[in-house]
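Once you scroll down, you'll see the structures, which are given as structure tokens.
There are two complexes below, and they share chain A, which is joined by chain B in the first and by chain C in the second.
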Partner chain A sequence: MSLRRAPGFWLLLAVTLAIGLLPIVTGNPMVRETLYTIYLAIALAGSLNIILGYTGYISFGHVVFFGLGGYVGLYLISSFNTSIWLAILAGGVAAGLLAFLLGSAILRLRGAYFALATIGINEAMRAFVNNFPPFGGPTGISLHFSVYQPYGGATQALWLDYGILVALTLASILLSYLVKSSKFGLGLMAIREDEDAAEVMGIHTTQSKTWAYLLSAIIPGMLGVLYYFKNSSIEPSDAFNLASSIELLVMVMLGGSGTVLGPVIGAAGYEILRGYLLLSRLFRDIQLTVSGLLLLLVVLFIPQGAVGWLTRRYPRLRQVII
Partner chain B sequence: MNVLQVSGVTKKFGGLKALTNVTFDMPEGQVLGVIGPNGAGKTTLFNVINGIFHPEEGRIVFREQDVTGMRPDRLARLGLARTHQIVRPLNELTVRENVMAGACFGREDHGLKAAGAIADEVLEFVGLADHSRQLASSLNIAEKKRLEMARALAARPYLLLRDEVLAGLDLAEIAIMITAIRQIRARGVSIIIIEHVMQAIMQVSDRLIVLDYGQQIAEGKPEDGMQDSRVIEAYLGNPELAKKLMGSELDDGAA
Partner chain C sequence: MQYLVDGLLIGCVYGLAAMGMTLIWGVMDVINLAHGIMITLGSFGVYLLATSLGMNPYLALIIAGAVGLLAGMGIYKIAIQKVLDTSHLSTLLATFSVNMILLGLATQAFSTNPRSLDIDLGSITIGSVTVQVTRLLAALVSVLIAAGLTLFLKRTTPGKYIRAITDNRAAAELVGIPSQRMLAFSFGLGTLLAVMAGGLIATFFPFTVLSGDAYQLKSFVIVVLGGLGNPIGALLGGLVLGVLEGILPAFMSTSWVPVIEFVLFVVILLFKPTGLFGVKK
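Entry: the complex of A and B
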């Protein structure tokens, strides 16, 4: 993993860090809020890419890990007054555990069946939480503002929250790169291209897929805690919103699935575009329609996404772009 | 030592017996040819040997270990490699990555770096070194077949199953492949080949088995096998019937 071998990756990491530090250096909360949405999207899309882009399994309900993490985190903070750090850890562990259990069961399904199962799980989780008293049922969990006291008040807590988000975004990019450039990742990509052939080549496909699913779930689980901690409340319809899962898919496909750079570009591009749409009177209420249309266009005309399109057109870029 | 012992293997699909009581031993270092008409059960035999199908009856012993019903990936790690009748390249990976995957997950369980070195060597051997950075999808069919072979070889198998590698190749390409099969055998790898190109299989095989409707109807040296009237009938068809069919076609044309 030397600088010489993967200059594109280090550049990406450096740029992500530099932009992420911008609001902290300038102390501008407006810029911070804009970047919060973008970085959250980047980290989530990068995680989804591990199962979607590298392994070739479409997870339609990936937001379930985000929602579950959020619930576990907020439950711990509100009921046991745990620190944000422990809550984030617990959110990641809960999401990872769910992915591991689910993976062993539903990763035997292939193609559309797996995708359908992931939708089912998201809906089942929402129904469960709706009827689960410790998580507040349909009203969810709200944090008392006193939980922000240990971090120097709500204003300071928001800055801390943002700082952790930037760190997790970098971690997600790093994880994506480590998976892609490892033997494990080569096995995943072999599964993506031809699962039966991969098995004949000696890849333990069930085990590899389960690990990939687990790795793609942990960071979303942690991010859920961060996001809902900042939000100070969580409720089932918001935490397990299928539309958010689909937006994540659009981001990964738009930028280029199966690459480290693709989901970063896709997520940033999509969020910036959405920012404009939400401000425009015409598109404000139909911004989801726009993302649906976008997905359609991408799938029809550039299924390999922006990065894939570039490297196909200019094969030399393959040396630089990861 | 026998690299493979197949004893009394029967495989059914519903009521259809795809293989019936197939039995043969394969000494190490040999090339065994499997011939038979379409639908005789040749590919099913491969699928049973490498664990894709589980036989209803019988045992498969690979290097003195009972592997009946073992998963394909475990068999691959024990040293069994396979090429497919219809090539299965990992399209969106480069040629080199395809072969590296073979080395990484095969018998020797290499890391990426060692796998890269093996891939370069094997690609040189099959004559694809110039294409190593291309995507596998960009190769033509003959090259894809060589890639399939390279990927299997990179696993450093004890036994290689090759399913109709020569189908669809022209004479020059067949000659290259035959040379390659001999070289692989010279390296000590045992090979079972399914092939329809008769001259080729007669040239490279030490022994032949002939399947027809899932039954093993003959076994022996290539020159003996073709003397057997049942083999000629099963494989080349009934000469009388052929004549009749030809006749009726001519009649249709005239009418």
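Entry: the complex of A and C
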């Protein structure tokens, strides 16, 4: 992955880093909050893209990893007073483990059956956590203010939280690129095009799919800890909200699935647009309807997403865009 | 016993909603994510006709169903037809966008406050079991509609066309079946079933703009229980779910019921994807 072979990738990484550092340099918490939402979406959409875009499996309940990670992290922080670093690690491990265990079972299902199974798992998890006393049942877990003390108080902790988020976002873009440009990634894309043919060609499809699912779950698990640490509380209906899962699918679709750049553009575009709609007087009340209309237009007329449309229109861009 | 009967009656209505979903799934291989909002709109349709026009709720149900049929055909033409043969992701997102549009409008029009139609038709007591007449009627109407649909699919020409398309669309087109018209009609029928189920739910449960979502999830579970694309299986699956919801609370706290439901759902998908009453497609 030298600079000459993938200039587009390095440019993307540099721009993401530069914009991410902007609020840290200027010390502006308003800009930080705006970017927090956008970067969170980019990292989540990028992770989803590994199983959705590269492998072609529609993970409809992907938010389950985000929610589980958040729960594990907040449980450790509130009950054992662990550091945020250890909690993030644990969140990632928990999500990865869940994906590994589930993956070997449900990845046998194809197409819409898989999508339905992921919905079922998300709902089962939500209902289970609702009844699980260590995780606080229906009321969830709330962090005491004192957990922010080791990081220099709540204000400082928010900056730290944001810093880690930017790092994880960069990590997700890097991971996405590494998968796409590797032999493993080629195997995944072969599975996406024709799974039976891929198997005949000698790809260990079950193994590859499980790894792809695992890789797409770890970063969301870590992000869950970060997000709910900042939020200071977590509850089941919020953590396992199917609608936010679908929003992620929309972002990947908007930007163009199966590309490194697509989810980044889709997530940023979606969040910026939603922020604008929520603030604008005219659209505030019918925000959902307007978003729905836009989504429908994209699905009907540019199903390949922004990046797919661009590279089709201007084929020379294919040398730069990844 | 009481729980069992109540469960069976409500299960019929669940089954009706799920029949709509499974019909659409079977005919065109589309998971309709706009199903929940249609259930909600059915509830509101009947509610508005009954409260503001003073119409008999069961008459309102028929009108709502007819509007649902037309609306479903319209949705198919606008949002589904173009993406039908592309990927599952496209059809899922197309129906989801319809859901967003309608949900946004409905929230704007009706707010998220809970509503209820206060219909009291008394109750019937047989032995130790007391049955509310509204629930009994709802179950009866559901079974009638289900029977009607089955007859329609088995006996009439359009019904045979729909079954032919379910079996093999390309072959059906080759023998001259107007597939696009029939697909639109099937989507309309599926929507009609959702709307009527919603209307029936309004006659005995309170509801909000968002309550359709919960019924949509139940429909997923039922459709899988009964076998994807199998309308009679869906009705039976609805009964199973209704009975589970009625009986399980006797053994455990109510909040555990959804855990059982969704675990069962995943297990069936994994080990018996053709459903409990599986017929091979």
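Note that the second predicted complex is superposed on the first by the 307 of 322 C-alpha atoms of A that agree within 3 Å, B and C clash if a C-alpha of one lies under 4 Å from a C-alpha of the other, contacts with A are read in each partner's own complex, and residues count from 1 in each chain.
We take it that a contact is a pair of C-beta atoms (placed from the backbone, for glycine too) under 8 Å apart; a residue touches a chain by one contact, two chains touch by 3 or more.
As the structure is a prediction and not an experimental result, all values here were calculated from the model.
**Q** Per the contact definition in the header, classify A:21: touching chain B only (first), chain C only (second), both, or neither.
**A** Neither partner.
**Q** Which partner does A:317 reach: the first (chain B), the second (chain C), both, or neither?
**A** So A:317 meets neither chain B nor chain C here.
**Q** Could you look at A:113 and tell me whether it touches chain B, chain C, both or neither (first, second, both, neither)?
**A** Touch partner of A:113: chain C, not chain B.
**Q** In the superposed arrangement, does A:205 touch chain B (first), chain C (second), both or neither?
**A** first
**Q** In the superposed arrangement, does chain B or chain C reach more residues of chain A?
**A** C
**Q** Scan A:128 for contacts with chain B and chain C and give back first, second, both or neither.
**A** second
**Q** Would you pull the chain C residues touching chain A in the complex into a rising list?
**A** 29, 31, 33, 79, 82-83, 86-90, 92-94, 96-105, 107-108, 217, 220-221, 224, 253, 255-256, 258-259, 261-263, 265-266, 269-270, 273
**Q** Touching residues of chain A toward chain C in the complex: what are they?
**A** 52, 58, 60, 105-106, 108-109, 111-113, 115-117, 119-121, 123-124, 126-128, 130-131, 138, 246, 249-250, 253, 257, 285-293, 295-296, 299-300, 303
**Q** List the residues on chain A that touch chain B in their complex, please.
**A** 181-183, 186-187, 189-190, 192-194, 196-205, 258
**Q** Touching chain A in the complex: which residues of chain B?
**A** Checking each residue of chain B against chain A gives 50, 52, 71-74, 76-77, 81-82, 84, 88-93, 97, 100-102, 104-107, 111-112, 115, 151, 155.
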